[in-house]
Structures are given as C-alpha cells and as structure tokens.
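Taking it in order: structure first as structure tokens, then the write-up.
Should a chain be cited, it is by its letter among A, B, C and D, assigned in written order, with residues numbered from 1 in that chain.
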Amino acid sequence: MKGFAMLKIGEVGWIEKDRPKCGPNDAICRPLALAPCTSDVHTVYEGAVGDRHNMILGHEALGIVDEVGSEVKSVKKGDRVIVPAITPDWGDEAEQRGYSSQTTGPLGGWKFSNFKDGVFGEFFHVNHAEYNLAKLPPDISLEAAVMIPDMMSTGFMGAENANIPIGGTVAVFGIGPVGLCGIAGAKLRGAGRIFAVGTRPKPVEIAKKYGATDIISYKNGNAAEQILELTDGAGVDSCITSGGGPDIIMDAMKAAKAGSYISNNNYFGKGMTDKDWIPLNRADWGVGMASKQLITGLCPGGKVRMERLASIIQTGRMDPALMATHVFKGLDKIEDALAMMKTKGPDVIKPVVMCE
Amino acid sequence: MKGFAMLKIGEVGWIEKDRPKCGPNDAICRPLALAPCTSDVHTVYEGAVGDRHNMILGHEALGIVDEVGSEVKSVKKGDRVIVPAITPDWGDEAEQRGYSSQTTGPLGGWKFSNFKDGVFGEFFHVNHAEYNLAKLPPDISLEAAVMIPDMMSTGFMGAENANIPIGGTVAVFGIGPVGLCGIAGAKLRGAGRIFAVGTRPKPVEIAKKYGATDIISYKNGNAAEQILELTDGAGVDSCITSGGGPDIIMDAMKAAKAGSYISNNNYFGKGMTDKDWIPLNRADWGVGMASKQLITGLCPGGKVRMERLASIIQTGRMDPALMATHVFKGLDKIEDALAMMKTKGPDVIKPVVMCE
Amino acid sequence: MKGFAMLKIGEVGWIEKDRPKCGPNDAICRPLALAPCTSDVHTVYEGAVGDRHNMILGHEALGIVDEVGSEVKSVKKGDRVIVPAITPDWGDEAEQRGYSSQTTGPLGGWKFSNFKDGVFGEFFHVNHAEYNLAKLPPDISLEAAVMIPDMMSTGFMGAENANIPIGGTVAVFGIGPVGLCGIAGAKLRGAGRIFAVGTRPKPVEIAKKYGATDIISYKNGNAAEQILELTDGAGVDSCITSGGGPDIIMDAMKAAKAGSYISNNNYFGKGMTDKDWIPLNRADWGVGMASKQLITGLCPGGKVRMERLASIIQTGRMDPALMATHVFKGLDKIEDALAMMKTKGPDVIKPVVMCE
Amino acid sequence: MKGFAMLKIGEVGWIEKDRPKCGPNDAICRPLALAPCTSDVHTVYEGAVGDRHNMILGHEALGIVDEVGSEVKSVKKGDRVIVPAITPDWGDEAEQRGYSSQTTGPLGGWKFSNFKDGVFGEFFHVNHAEYNLAKLPPDISLEAAVMIPDMMSTGFMGAENANIPIGGTVAVFGIGPVGLCGIAGAKLRGAGRIFAVGTRPKPVEIAKKYGATDIISYKNGNAAEQILELTDGAGVDSCITSGGGPDIIMDAMKAAKAGSYISNNNYFGKGMTDKDWIPLNRADWGVGMASKQLITGLCPGGKVRMERLASIIQTGRMDPALMATHVFKGLDKIEDALAMMKTKGPDVIKPVVMCE
C-alpha cells in the first residue's frame, strides 16, 4: 500500500509499505476523509517529536472499516467510522487513573504519526478498536465530521478544563482551528463574555460566529492588558491558550483573575530560553499563591467522546464545517493539503481531503 | 407602607406595615419590577412553609435602593439593582462549607416571604446588602432581568448540578419557567440531545427555542419509557426534575443511565404516602448501587451570581424575556399577577409587574 | 473441576463443571485465598439477584494465574494475584463515561457469582485480565490481602463518595466489614469526629481501632437523633450507609446537615413497601432543596485500585487483617465459611479460607 | 499600645501605636499565644511584600476577645479564640467565586502584617469577626492550637489541592513546618507512600511521625531522579511544593506522573531569572500536554476552617505540638522568637510565644 510519509525531518513523500496486520483487538481501516494538522507540520518541519524515518503522517480521519479482529464486535467490515486522533489503550494504568490520553506513558495515547504509521495511507491500523471507533452518523457531512477526531475534541477540552462558570468571562488566546473550537467550547459551557485574541480575518469572522464577543488584536498592544482594560481591571475567570509562542502562558497569567483557571491546549514545540523553559511571570502568578490554576491535557479520544461530539453537530449546537475552508478530492491530494497547512494563507483555517 | 400579603393560609390581601429598619449591613429598596412565583402560590394556598400571618409575599424583584447601612459601599441610594431571591448570610458556617443558600439553617438563605416580609411592598429589606445586591445593567430589559433572581438562577442550578458532559443527553421533567430555564441551562452546559417533558403549547414552543430537541408528552405514555425507547434503551446522562408530583424522581431514576446525575430543583410540597415519603424505585436505582446520583439545591443567590446571569442576557446567550408572557403596570397589579399564576392558563408562563 | 455453587434459591452444594476457556484477553486462575461475602448469602438465601442454577459462588479472592490469553502481558502463569470482585470491561461505554463498575449495563462489572461462575472453584475465569489482575505484593499477609477485592474497595468508596472535608464530621451506619472499612476510609480522607452506628462487641472494638470516636447504639434510641444531640443539633458533614434495612437512608437524611453528602454502599435487597420503594423523608430532605446529596456506587475494580489498596496495607495506614476473625484451611472449607457468614455470631466479622 | 514592628526593610523594633478601632463587624483581641512565620522573615529581611514602615508584624495567633462590634454575636469579650492568619472579607466577589483568600484582590485575605498591623502587639484588629474567629476548645494545648491559623491550614491545603487518591503516591518537597503539615495532610487524605524531601534531622524525625515513608536527601543527588528510581520510573500521583527556590516546580514536574497534580504552597519571594520568571521544564511538562496540573492557593481562613482543624487535634488525628520545638513566655519574647526563626538552627521547627 502507499502512504504519504515523513521521510526524515524536513522531508515528505509517498512511500510503499505493507498493509498493517490486524490483532484480535484491532481494526484496519481505509480513509474516507482526512485533514492535515498543524502538528503534522511541527512533526515534519520542526522535528517536534524527534526524528522519524518513513513514517506515514496524519491523525485526523474518518474511515471505512476493512477488517476487524476476533474480539471486535462493535464495528464490522464496511462500517463508516470516526477515528479519534488519540486511541487510548483502554484499561492501561494511566487510563484507570483517569488520564486516557496518557496510556503507556506521557502522550502515549497519541499513536498515529507519532509512534506508528498515521492515517495518510491506503490503510491504517486502529488499536483497541472495540472501544475507539465510533460509527459515523449518516446525517452529518464529512466536512463537519472530520473536525471531530482532533479539532473539536482538543478545542472543547480547552474549555472543559477551564472550569468556566455559567456567565463567566473567558479569554481564548489563538484562533487557529483549535482556538476556534475553544471559543465554541466556551460558549457550550455557558461563558458570558468571550475575548478572542487573533487577527486573521477569516478566523475572526468564524470566532464571532462561534461565540466570541470581543476580538483582541496583538496589533493594538499587549493582549492581556487590553483584556484587563476592557474588564475594568478585573481580568477573566478562565483562560484558554491555543496558540502563540512559549510566552503565551504569561499573557494568560496576567489576564486571569486571582482565583481562576488557565487551560492550556497548546503544544509547546520549543521553550523560551536556551534551557528549554516555559516561564511563569512570578508577580502575576501572585508569587505562587493567587490560585491561578494551570491545567493541561492532550486531546481526549475514544468512542464515547466521538459520539458525543457527533451529537453536538447533529443537534446543531455548533457547525464545525465552517472551518473546512478548502476541500480537496482524492487521497493523493493530501500532499497539497499539508502544503497549504504549512504556508497557511490568510483565508485558510483547515483544508480537508475527501478520499472517495 | 402598604404590601400585598398572605393573611393566613388560603387568604391574601393588602396590609399596612412600618417601613423596615436598616442596620449597618442592610439596604432598603423600593420595587422596580416584580414577578410572582409558583412558590408564592404554594406558600399561600397549600401552606407549604407553614402558616404565616400578615407576611408580605414575593421574592422576585428588581429594585431601587432607598437607603443603605453604614457598611454598605457597593450600592447607594437611587441605584437600580437586581435583588436575588436568596440573600445568603455571607460568611455563615453553611456558606463557608460551600452552601450559601443554607445559611442559618436548612433553606435559611431564603428569607423573603419565608422568614420575613417579601418584596411585594412599597419597601423591602435586604440583608448583607454589600454582597447581595447587583447593579442592574442599563442594556437589558426589565422583563428579561426580572427572571434573574429566581427563574434563571434556579433553573440553571438544575443544569449545573446535573453534571452534563459536552454532547451528553439530558431529560428535563417539567416545563414551567424553572424547567424552561433548566433546558436553557442544559444547552449552556453543552448538552446534545435534550428531552423536554411537558404538554402545554406555549411552554413547548419556548422549550424548543431554548434548546429542547425532543418533546415528550405524558399523554403518550410514561415519559421515562418514551425516553428509553428514543435512546435505544440507553437512557440519559443527566436528568433535571423541575415539576411534577412526589413521584417525579422515579421517572428520572428510570430514564437515567447507570452512572448518571439526577438533579432536583423541585420544591416537594407533599410526599407520596401518608408517611410523607418521596420514593425511590429500588430496582431502577440499581438496588442502590447503579451510581445514579441524586443532587439537590436551593436557588443560588448573591451579587456575583446575579451579575453572571445578567451577562448571559447581555451577551445574547439566552433571552429570558420570552417567558414574560404577561406584563402588568403598577405595584397594585401584583394581585392580578398572583391570581394568574394560581390559575395558570395554557398560555401563561410568567406574569411580571412593572412598578414604575 | 469442582466448585461450591448455588444450586437454586436457598440451596448450595458442590458441583462439577468444565474448567473455563481462556480467550485472548482472559486469564484462568486457581484460588489462593477466599472469603465469602454477605452478598453471597443474599444471593443464595434471598434470591437477591434472581434465581441461578448451578452457579459457582464467590467474588472475593486472591489467586494464582494458571493460564493467560495471547494479549495478556502483565501477568503470567504462576503469578500470585489480587482478583478484584468487580472486573470491568475496560473501554466499555460506561467506563469511558467514568463508571467502570457499570460496564455492559447496571452493575455489569460485577460478574463473579452474578453473571458467570464465581471464584469458589478449582479454577475461575478473569475477563480483561491485563487490566484487572494486580500482582500480590509479597510483604502483606493473605488474611489482609483478601480484604482488598471487595471489603476495602467498597468500604473506602463509601468514604470517597462522602466528600469528607479534612476535620469534617462523619456518621457511618452499620459496622459489618464494609462499614468498618467505611470508618477506616473516613479516617483516611481526614475526618475528625466519626460516629459509628452499631452494637456487636467485636465490630465495636475494631471500629474504634479504625478511627471511630463515638459509638452509637440503636438500643439507646434513634441513631440520627443521638447524633444530632451529640453535635448540638448541627448534624454531620457526611453520612455513609453500610447496613440496615430499606429505611437506613432516612436515618442518614435526618443526621445530615443542610449541605452534606450521603454516600450509600448498601445493597438494598428489598424495599420498604409493597411497591418496592426506598423512601426519602421529605421534611428532612429539606423538601428537596437542602442540598443533601445522595451518592451511590458499586465497588471499584481493576488493577490500579487493587495496587493502591495494597499500598495502604504496605505503608501501615490500616490493618484489614483485624477483620479476619476466623481462618479456615482448604478450599473445601468454603462451605463452613459461608455457613458462618450466614449465621454471623457475635464475634464474626469475616471468615477467610486459605486454599494452599 | 506597644507592638513589635517592621520599621523598614531589614529593621525591626518595638513601637507605640493607638489601640485599633472596632467597627460594627469587627473585634479587637489581645494575644494569648503567638508564633513567628517564615513569611515574617521574608517580609522584613527580603522586602518580599514591598517596603512597609512601622507595621506591626505577625499573623499567627490565638487571642482573647477584648471588644466586639454591634453586629458580632458569635464571640464576646473574654472569649479565647483561634485567629486565622487569613481573615477573608466574607461575601466579597472573590469569595462568592470560591476563593476566600483572594478577597479584595490577589492575596487580599491576608491582612495581618501585610495590609494592616499584625498580631504581635498588645491588641489587634479582626475584620468580619463574626465569621473569622473560632472559639478555642479548652481541651487542646496552646502549643498545638497556635499551629492552626497558618501552618496546619496552609500545609493541609497543599495536600487538599494535590488531589491525592486513597493509596496514591505523594512527594513533598520541603520539610519546614508547612511541608511537615503537608505530609500530615497527605496522610489525612489517604496517601500510601509519601516521599519527603529534606535533610535536617529534627524535621526528618517529625516527617516520619507524620507519615513520610521515604526520606529523600538532596545530598544524594537530584530529588526527582531519586523518586523516579524508587518508583521504577513511574513517578508520583501528587507533588506538594513547600520550600526550595524558584526551581522547585521543576523538580516536581520531573517527579510527577503523566496525569498528576502539583500543588504549590510555596511563597516565591524571587524568580529564577532577571526577568522574574518561575520556569517550567518544557519536556517534563510533556510539551504542555501531559496533564500535569499546577494548582496553587493561599492559606484558607475563616471560622469553619479553624474549627475543623481544631477537631483534627481533638480527635488525635495529628499532634501539631510536636512542631513547637521552642516555647517562650511573654509577649516581649516575640523578638527572640523571630530572631530564632531567622537563623533557624538544625533543631528549630517553630518557636512559639505564650503571652499570659
């Protein structure tokens, strides 16, 4: 089978590999719809997860089941499925402790295009398939559904971890697709005023549709200071950091009230200093005692999460298809889609690829 | 001053009383807008809180500050304010334990028309005014704002206690104004499918606007069984009970999944048996072991809660004015409004009275 | 193989069965130490889970692994293991929702001597063995360790669900082995004063060793009223119900503060009325609004839980072996042990059987 | 009246001041027992809270009520009371949001020797006295009780925020009196293995008595690496940072599992860099995605907290008097006690001063 792979740091291309083997708890799928992720760009061009050789890329997919192992009853050959970006080892000790994305080690639930071949191939392998694959409801579009595996799950996690009270104030730093889903998620948790920090016109337009009440541009000065000014110095109940560099937590720390949550769903590819540090601003952190809680996580996976996110689309609570700004046809177009994600023009939020 | 009072069980009328005294932490207010509550009906005509003599009724009000005590800095004479139905004794031991509505004893934060004269008079007294009164934002209508003190606060509490996951399924039993706010609250917490149980056309119409996806009528059979059928036997993640008789928890217990929350914001005026019992159906409760958690509460009060609910209106997340089906002018019309609440015709959700 | 079984309601005896089959995710174990549970008595003599024919009894065991499936790496033949009474289907939708004991349906994680043969046989089958079996540490006694699978896990759950604040007051209703573990669990969560309700001398002695500060006897009047008197009318922050009849929740409801948790780990074998109801006392429940939260659950299972409970013994936080009041030798003695559990003399807490 | 004061940064001495005035919600107290805090040392000699002139020091006290305002009913002249180090403005917006120590602004509940005169004087002023002062139970020693206002409350908070599961593993960094109370608190929340990081012999002795199972010395290498080695690479479920320099969070980040809580109760007097940063080690933090949650807080205050902590002593759950290594007699000895806290010899944990 062929797949679109990271050949080494900085280089991509099509390769040939054997179709993956299917164990008793596994499934093998063909891609139905795919989307490249900013993480794929980080992985290839920044070597963010370290060097990889001939590893097929991609972790955002809808699929068609091609084969299932003997213990897999919940899906069968031919089923159209939502494939979570994170496929936990259900039952693993981290999962029993409540952290399903950290199974087998830190970030260990993230397997596709990290520890094994990803979804940008003619076939891909799914572990713990009984518990990871969700059936794709027929009443939602592929453009919408392909946002479920990572964008919605990660972005909503940002809002869920932010402990937003009904009517509370929220600041979302970054309005890429994950940040946009953080905005939508904040609205879904009952936020009142939502400050969205970003400048590109297309994301700004969607941010407003998803619930942002105030748009903050870095061009008008420090974002946190603008938020403080707009709240008469009070700051916000919850911050979500979904973009920016290694100093983004400091903006959140400044904008957050004493007694608040800062929810990070940023992937920090590099640190602020030569010692690889992410800094906290001591004074804004209340010398460590102002109850500004810093919560993190990795995209939740699994069947139930996928089903619940699908339900958000089915009930019209949010329309993620608005983010599918560019649609390609054919698996071979994944190369163009990734290139578009890399250069990211002003009107690009998320390119998607329809495989059938 | 004059006030509209419960004279004794079953009888109401206008009485004369002295204007209340203002202690150092208190405020005295005049009414700006009022609404009668079903609880007022229970109090008078069912004697639900016991007998009361010449007690002024009412606990849903917007007010104008007429006097403040020496320690009250946050509001001053002439300010237009939102008056919470529940005015906690902030700092009381129950409040320090996390239960601000239970200060000084069970339900002790509920003072208006329960332990002291209510708001249906020319003046009314507010305890702990520094911390209970919120300024009324100029950009929201009185019809909307008068829903904040009790309807929104109680109804949303139902949703907050129901531990709704994003995309989870919710059943709301009862679509009076509290139930409608429970539906809106469920949507605000990120519910997917929301089953609303009720039949009156006007509330059904509003229920859909507030987020209900499925309307369940008792006329078509047992509500819980209908919900089970519509969910392929799975049941729901969360139930909110906001109406019905003493057997309503049993419907919720049947409709709830193993592993779920049943959030009650019903005021049970009487029990199911001559022993004054509210029954749980043992088998549906999983013989006590199916993790169907039964959570209750009393409307949250206080300044911050009022401000946050006002923000929900200001940011357009919900329009509670839809519930103000009938609007009267003049304090003296509170009598008609209460009568309307008692008879509750098919198109009545909430009559409100504008006092100025 | 032979096993000690429920032949039908009210009748037990030894039977012959085939050794169970081992699927890819399973293990087959031999018993190392066993204990009968009050539930076994309920199951056989009250038909509490319905009729069963020739079902091997028992769900409290330490074991020796005899065979593992192809996908099981964490244990191997010959390992000595702690076998949880509840063996969740890890990854099942209820587990993904956070309720690992409710997999495949209400109470569905409870398989031994409920849906399949239990552990009172020469061999027994363990599902999801990779994630359910924990290695038995060599430094703890079998008498102590055999309390882990159910007694400690269930009793501690009672305390965990009771939301005990450090220094809070707790009432534990019932001082059988589960109630005793509830007391120990309450101490482990930081309770201050612990009221233990019971009368038998041996359990009373252990209750004090496990942390009870006040012993309440039903013989001196209503337990709840005694607790209210001893707390100057305040009541307690948390109640744990671990025994008694279908009216036990009402005692807890009366003893609990407005704003409190009632944590049930009782198995209600029958209801209070001919309609099979468990009653709540409406007035003590604050007419449904006093924030007295009723939380339930079923014994948590799984490998991590077992390891953590073993750690409690290893670090000397609690000595569960005090409850092993009677020790038998040989699998064939399980019959005597169960009979002892049925008659339960004044000095019996828990008989245990050493199989090797 | 006289008081022992910070004259300016680096200088202390006795000064004369007017006895404070008592408003309607206030109380004036005389000291009964006092203890200097490391924070007092930071305040004076490091200027940690900024410059202060002629501000009476101290925030750890038991007192005797000398006067109460008109609204204070819960205590009266002559009562012996526990005075919390943090005296929240109960009802303030931060308190209504759930953060009672942050009232009126960041760390604003900390008033004594920060925003106003402290307790090292002949009289001191207590705000919101109805809700802040707790009666001192007659059955506990002053040496024990004087640990309640700050040491126990802060140290236990460290454990409470650390989200310790029953049987979980905990690392406590720093074994000053707050760290020791963190260890005791971890045991009170049900920790299994507790790693205590420190070297001074007297604290090490007490650490073991309070529940530490493993003592880790910085002299044997990096503390986090030792903990990882002792846990076979797994790390711990919870970290509590109660001492060390601005790099202490990095030790915790390294020792913590993917999926864990790091609970800080350290007062960071200075940052790691010239930009005043507290650094997070990006890789150990899982590039921001390993669910290592960083929680902070400021010592909880208020009457209920004090009563609950007193109950911990009364029920024998912990003996804080073990930390009172040096006892002085007479208010004038507070000068010597503070000097001892500054130099902190190897056998000093906490000097205390009996004033009567």
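Convention: contacts are C-beta pairs under 8 Å (C-beta built on N, C-alpha and C of every residue); 3 or more make two chains touch, one makes a residue touch a chain.
Only a predicted model underlies this, so the values are computations on that prediction, with no experimental measurement involved.
**Q** Give me the set of chains touching chain A intersected with the set touching chain D.
**A** Output, common partners of chain A and chain D: B, C.
**Q** Comparing the two chain pairs, does B-C have more C-beta contacts than B-D, or is it the other way round?
**A** Between B-D and B-C, the larger count of C-beta pairs in contact belongs to B-C.
**Q** State, to the nearest whole Å, the distance from the C-alpha centre of chain B to the C-alpha centre of chain C.
**A** 40
**Q** Tell me, which residues of chain B touch at least two other chains?
**A** Counting only residues that touch two or more other chains, chain B contributes 97, 165.
**Q** In the complex, go through chain A and note every residue touching chain B.
**A** 156, 159-160, 165-169, 185, 187-190, 192-194, 213, 307-312, 314-315, 317
**Q** Tell me, which parts of chain C touch chain B in their complex?
**A** 48, 94, 97-99, 101-102, 105-108, 165, 237, 246, 257-259, 264-273, 275-283, 285-298
**Q** Where on chain A is chain C touching in the complex?
**A** The touching residues are 23-25, 70-71, 88, 90-93, 95-97, 100, 128, 130-132, 302-305.
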